[in-house]
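Written out below as structure tokens is the structure these notes cover.
Going by the order they are written in, the chains are A, B, C and D; count residues from 1 in each one.
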Amino acid sequence: MALPTQESPKTHHLSNITSQTRVHHEYVPETLSQARTEHSFPDDLHPVNSNGLEKTSSHLRNTRTKLGLHPGASISEDHDIAERQDFLWSRIRLVLREPFAEFWGVFIMVLFGDGSVAQVLLSAGQASAPGGDGFGPYQSISWGWGLGVMLGIYVAGDSGAYLNPAITFSNCLYRQLPWRRFPMYLLAQFLGGFCASGVVYANYINAINKYEGHGIRTVPPSRTATAGIFCTYPQPFLTKPSQFFSEFIASAVLMFVIFALKDSSNNGVPKSDKWFPLALFFLIFGLGACFGWETGYAINLARDFGPRLMSYIVGYGHEVWSAGGYYFWIPMVAPFCGCVFGGFLYDVFIYTGPSPANSPWMGLKQLVRPDFAWQVRKERAKKAREAGMV
Amino acid sequence: MALPTQESPKTHHLSNITSQTRVHHEYVPETLSQARTEHSFPDDLHPVNSNGLEKTSSHLRNTRTKLGLHPGASISEDHDIAERQDFLWSRIRLVLREPFAEFWGVFIMVLFGDGSVAQVLLSAGQASAPGGDGFGPYQSISWGWGLGVMLGIYVAGDSGAYLNPAITFSNCLYRQLPWRRFPMYLLAQFLGGFCASGVVYANYINAINKYEGHGIRTVPPSRTATAGIFCTYPQPFLTKPSQFFSEFIASAVLMFVIFALKDSSNNGVPKSDKWFPLALFFLIFGLGACFGWETGYAINLARDFGPRLMSYIVGYGHEVWSAGGYYFWIPMVAPFCGCVFGGFLYDVFIYTGPSPANSPWMGLKQLVRPDFAWQVRKERAKKAREAGMV
Amino acid sequence: MALPTQESPKTHHLSNITSQTRVHHEYVPETLSQARTEHSFPDDLHPVNSNGLEKTSSHLRNTRTKLGLHPGASISEDHDIAERQDFLWSRIRLVLREPFAEFWGVFIMVLFGDGSVAQVLLSAGQASAPGGDGFGPYQSISWGWGLGVMLGIYVAGDSGAYLNPAITFSNCLYRQLPWRRFPMYLLAQFLGGFCASGVVYANYINAINKYEGHGIRTVPPSRTATAGIFCTYPQPFLTKPSQFFSEFIASAVLMFVIFALKDSSNNGVPKSDKWFPLALFFLIFGLGACFGWETGYAINLARDFGPRLMSYIVGYGHEVWSAGGYYFWIPMVAPFCGCVFGGFLYDVFIYTGPSPANSPWMGLKQLVRPDFAWQVRKERAKKAREAGMV
Amino acid sequence: MALPTQESPKTHHLSNITSQTRVHHEYVPETLSQARTEHSFPDDLHPVNSNGLEKTSSHLRNTRTKLGLHPGASISEDHDIAERQDFLWSRIRLVLREPFAEFWGVFIMVLFGDGSVAQVLLSAGQASAPGGDGFGPYQSISWGWGLGVMLGIYVAGDSGAYLNPAITFSNCLYRQLPWRRFPMYLLAQFLGGFCASGVVYANYINAINKYEGHGIRTVPPSRTATAGIFCTYPQPFLTKPSQFFSEFIASAVLMFVIFALKDSSNNGVPKSDKWFPLALFFLIFGLGACFGWETGYAINLARDFGPRLMSYIVGYGHEVWSAGGYYFWIPMVAPFCGCVFGGFLYDVFIYTGPSPANSPWMGLKQLVRPDFAWQVRKERAKKAREAGMV
């Protein structure tokens, strides 16, 4: 099917410039639209014949492909990239476009999240505060994480703004995001959380010294513990299965609602992505109000493991790993299980588009019959290669 | 009147794809527009010649009709349903599309709502919390229910997102939603609340054991009662009429404002449905701030009776029914009365579209003269059959 | 200048139905646009050749004109009004369209506002609340009034949603809203506040009896005073000028920001009215955070005098008038002065459209030279008659 | 490249009036779009052949140019400016359009911000408040500043709504806003903060007298200090580098996120400016939750120095300067450093448009080789002159 846009790109450019640069996926015809629902949010930023692909030199395309990224970086077509490819750093930025976006998205998210915990925890009960009772109650933390995610999504638009390895994982599983994207995204997300918690520590080092005593760093259930600023520790009354269940169910809800918000075939309301960041604010705020107590709603490896490693490095000692009965692995593993389960529920009960849940044996055929799985994967890879999406 | 879209569907598809898949009801011509105002929000998702109707096989159409649902399920036209009707589960999902949507919408709403109550109540006063005073104040509950409704609406877009039997009821009464839709919607809504409260219980079972003592489960006015996590109990100083009045007036306000927000002939602001979920957040938050104390603003059978039954089953004893002078029936009955009254007020004072309030004797003629009522109903059923809407 | 819409109304209807029924003022050509800025928000809902005018029978038009309202009621053109003019009540509703809208808008606003005050005040410190400290802090009141205004604007779309006599007044003064609209609007707004506070009283009568003692009703500075639920009382340390100044400056800010939000020539952001209700939520919340202590930010005769009269009637005694040194007149007078001053500031420093501030002697010529004022008024009335706007 | 809009302006006016007056920058063709990204937000309000330019008489143009402003004021084309240039004040308003906008934007921001601090601080613990514990907690201040910025942006749309000299500075540095704009903007912003804090003082003078004692005015760490209402004072445990670091990092985050929100080439979500004010609410709220304790998140010379001077004038004494080890210079200097650093990070890692970071040696070439810098500046000035933007 020939598209008008391909026949007269110039005219199209003049009249539809908005649709191209901003909301171009609002006007995509049938075939592209199909591609969009299949490849979820990040990859729909790379339409098949996109300018990005043409702008990116073949050398850069190769490098990006090796890193597991889409060969063409998504660049606004107003911006003359070619001209700037002479500068070394511009080339680096072009190659690492999505990782940079994920890094800064998670950085902003963790900076606000951990920062708000730090302020609430360290200033608790301070009578000289305006209002006479510290600089923020527990709810301030819900605000911090909620708006941190919201602003992180705005910042990380170039990569699709996953901000969470478990969400990237679910998109690979259910929305045909190529698996080779996963490692670079994971690395960038982890580093974002790691660095941001370092900045929070640097900012609050005086206050921590005052709170715990100079040079003392402890982990819950110590009475003056400050390790909770950086990563999550469970309440002491929880059994191990309950720890896991709490993180699992919170992650499942996270994924379920995100899939609903991103499902353009759901007749629900947001449709345009414009409402997505605000809806995520409410979603994260809600998780903080419902799952914030027992295990601290980590629901994100990058948000928990990155800062945990940082707190270990700056001197909180081996207890960051051993506390809560070696709890640390739960916020690493449970989010993946939970997001996979939440995504499964959504696809089974509501989603009508292409998904393993809409394939033979509800996707399980691929699990139990490796030859069939191999065949499906090969077909998909072939299709992707034809479309130039690698 | 011949519509351009019917003459050249292909062209229309290319140029207006947005309007069809997303905001298709923005461009509906006069006759359909009329249908929309008459059939309220959920049914305007089923235009007369919709693809859903064609896509759904005649066997499935029959099954859906028997269940009281619209014969054609509303499916995004990008999605190739026919292909997937080979899978048993896909067929089930197609048949139960609206019930599934209502179920998950209420599930999300109650999960966040009851979950936030649980966290606030069980962690109250805990000094080791960041900020030193528990994990959330009373307002956290207003947030939980407000955003639970908001996110539930996003999730339940395929069914119109009533999330409340009393609101479904009012739409049948005032907005010509066929009465045969009511039972399935009610069942799905009830089950959503029932299951979600079970998940909340599972998540907080350790914490409840710690709060009440292992295996002890009590109901207000016990000092350590936790039954209030699941459903509402009135303040002890309320007389029975006051209990009823509080729920009644809150439900009336709920329905009044929702009718305003959904009334496309109101020159007020939201118009597009995009603002509806956010406005509902504020509305529910406001009800929690004004009517949250005396009776707990149940205003919803599915939100109150479902979790109440669950709490009875998990062992809170007979007091869940007898507490407050057998209060339990009030949040079952009052929301229906309140929503009917609120809808009546709106239609009498503001609404100019088709409504019983805009018919002879302000709709009462149908009540007191059964023959007239029968005649009106027959005419409406005939019209619906002609339009293929059953 | 002939408009395409006048040449081929049918075509226009098909293609632009959205613009007509919903956002029709987005596409208005130059002359109407001029009219819009001159006649502020409510009257731009009555375009010169609107269907409303044609639909309304000449008898009804006369009645409306006598009441000071625009001769044609603004009705969605989807709705067949003519058919329903047979019913008595439909005719009444048509005649009183704007007053009904203002009434219910203020009703919703005051219900949420006064209701939230009641809950916070009467439940203060209750240990059996979830969280252990009452059902909402002071901030809950800011939420209540903020979202009450927001939802009231949604409800009162048919009248322009002033909800405040002082704002209506400023619009008459600066935005050419005909002065004859003022009395009916004022009456409707007053009654809305009066009735809503009655409902709040009915809802909380048990709780007030428990708080004050049965049948006892007191006014601040009594220690158990509950009169503050209904209307505002000043802090005791305020001098009379400070009382006035606080209400004055809050009203000025209110009007200044509203004029900015409604000024389509301001290059600021909202432009479309869609953001207006949400921005008003923030504005009212902010006034509660900055001016809520000293005098309770009445800034509205309808919100203060209506409920004050109701509280007098239900038995709070003569002190509702005499408290605070006969403070009651300040929230009646200061909002008018403040809104006029705030509107003046905006027009003088920012507004570039038609306004007294953009006329000879900055509008004062009309004040000091009655003959000139008379001439201006006659010209305006003549123009309005020609346009059929009376 | 000839634009259709230039060929047939009349037709264009009829069909695209929305795009011109409201969201005209959504449809700008390539060259203008380029100009927009180069000249950041305020100057894209002055398209090259804008009506503003034609409307403004040459005398006024000269005056504006001398003040460092764009020669043509941005006026809605509906408004007949020429006619009103007869009035002296209308001419003044035309000349000082952007300074007036910045003044009132900062005024609104500081009024709400300082006002909320005053209410929280002075009413702390008051038992007669509804809820029994003062009129707002610390979080009320986050609300005040957040919504103050939001509403300030709405008010100051005509100037681009910088509201912060450090942000203006960064836009000059990275987004080619002409440096000559800077002084007038700075002056207007400073005066806005100065005057608003005076109004807050006038409003709360009785309450301050009651809180501190009549005529007594003290500065932290005095136990009854009220100077913190107006400007920021650091916590006593902070070292000087920590003071600087806290303001620095908060400013960097501010600029980083704003650049993301304003970057139309970022595939993130807001795109249209409509979401900008709301996102800024969340951003400022978040900064209050993370950086509000240690140094009070001044991050703005106009917000801190203006009110500080006012507090010095009204009698808080020399300590307003000397407190915290002559802390006062840090909120003057650190925001500039922080914003420059934050903007640098964004441009280096994410921005693909024209920026010093996308020029040889990452912009440092201009720093170390003055001759090169001179050449670049000359070229840019030449280009601006040709485009009539001076």
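Of note:
The working rule: a residue touches a chain if its C-beta (ideal position, glycine included) is under 8 Å from a C-beta of that chain, and two chains touch if they have at least 3 such contacts.
The model shown is predicted, which means the values in this text are computed figures rather than measured ones.
Overlaying chain A on chain B by C-alpha atoms takes a rotation of 90 degrees, rounded in steps of 5. Comparing the contact residues of chain B and chain C by number shows a mostly separate set, under half of all numbers used being common to the two copies.
Centre to centre, using the average C-alpha position, chain B and chain C are separated by 31 Å.
Here the CA centre of chain B is 44 Å from the CA centre of chain D. Counting partners per residue, chain B has 120, 134, 136-137, 139-140, 278 as the residues that reach two or more other chains.
Residues of chain B touching chain C in their complex: 3-4, 26-30, 33-34, 37, 117, 120-121, 124-125, 134, 136-142, 220-221, 223, 228, 235, 237-239, 242, 245-246, 249, 253, 256-257, 260-261, 264-272, 275, 278-279, 282-283, 285-286, 289-294, 345, 348-350, 352-353, 357-360, 362.
On chain D, the positions that touch chain C within their shared complex are 13-14, 17-18, 21-23, 45, 74-76, 78-79, 81, 84, 87, 89-90, 93, 100-101, 103-104, 108, 111-112, 115-116, 118-120, 122-123, 128-137, 139-140, 143-144, 147-148, 150-151, 153-158, 161, 199-200, 202-207, 209-210, 273-274, 276-278, 281.
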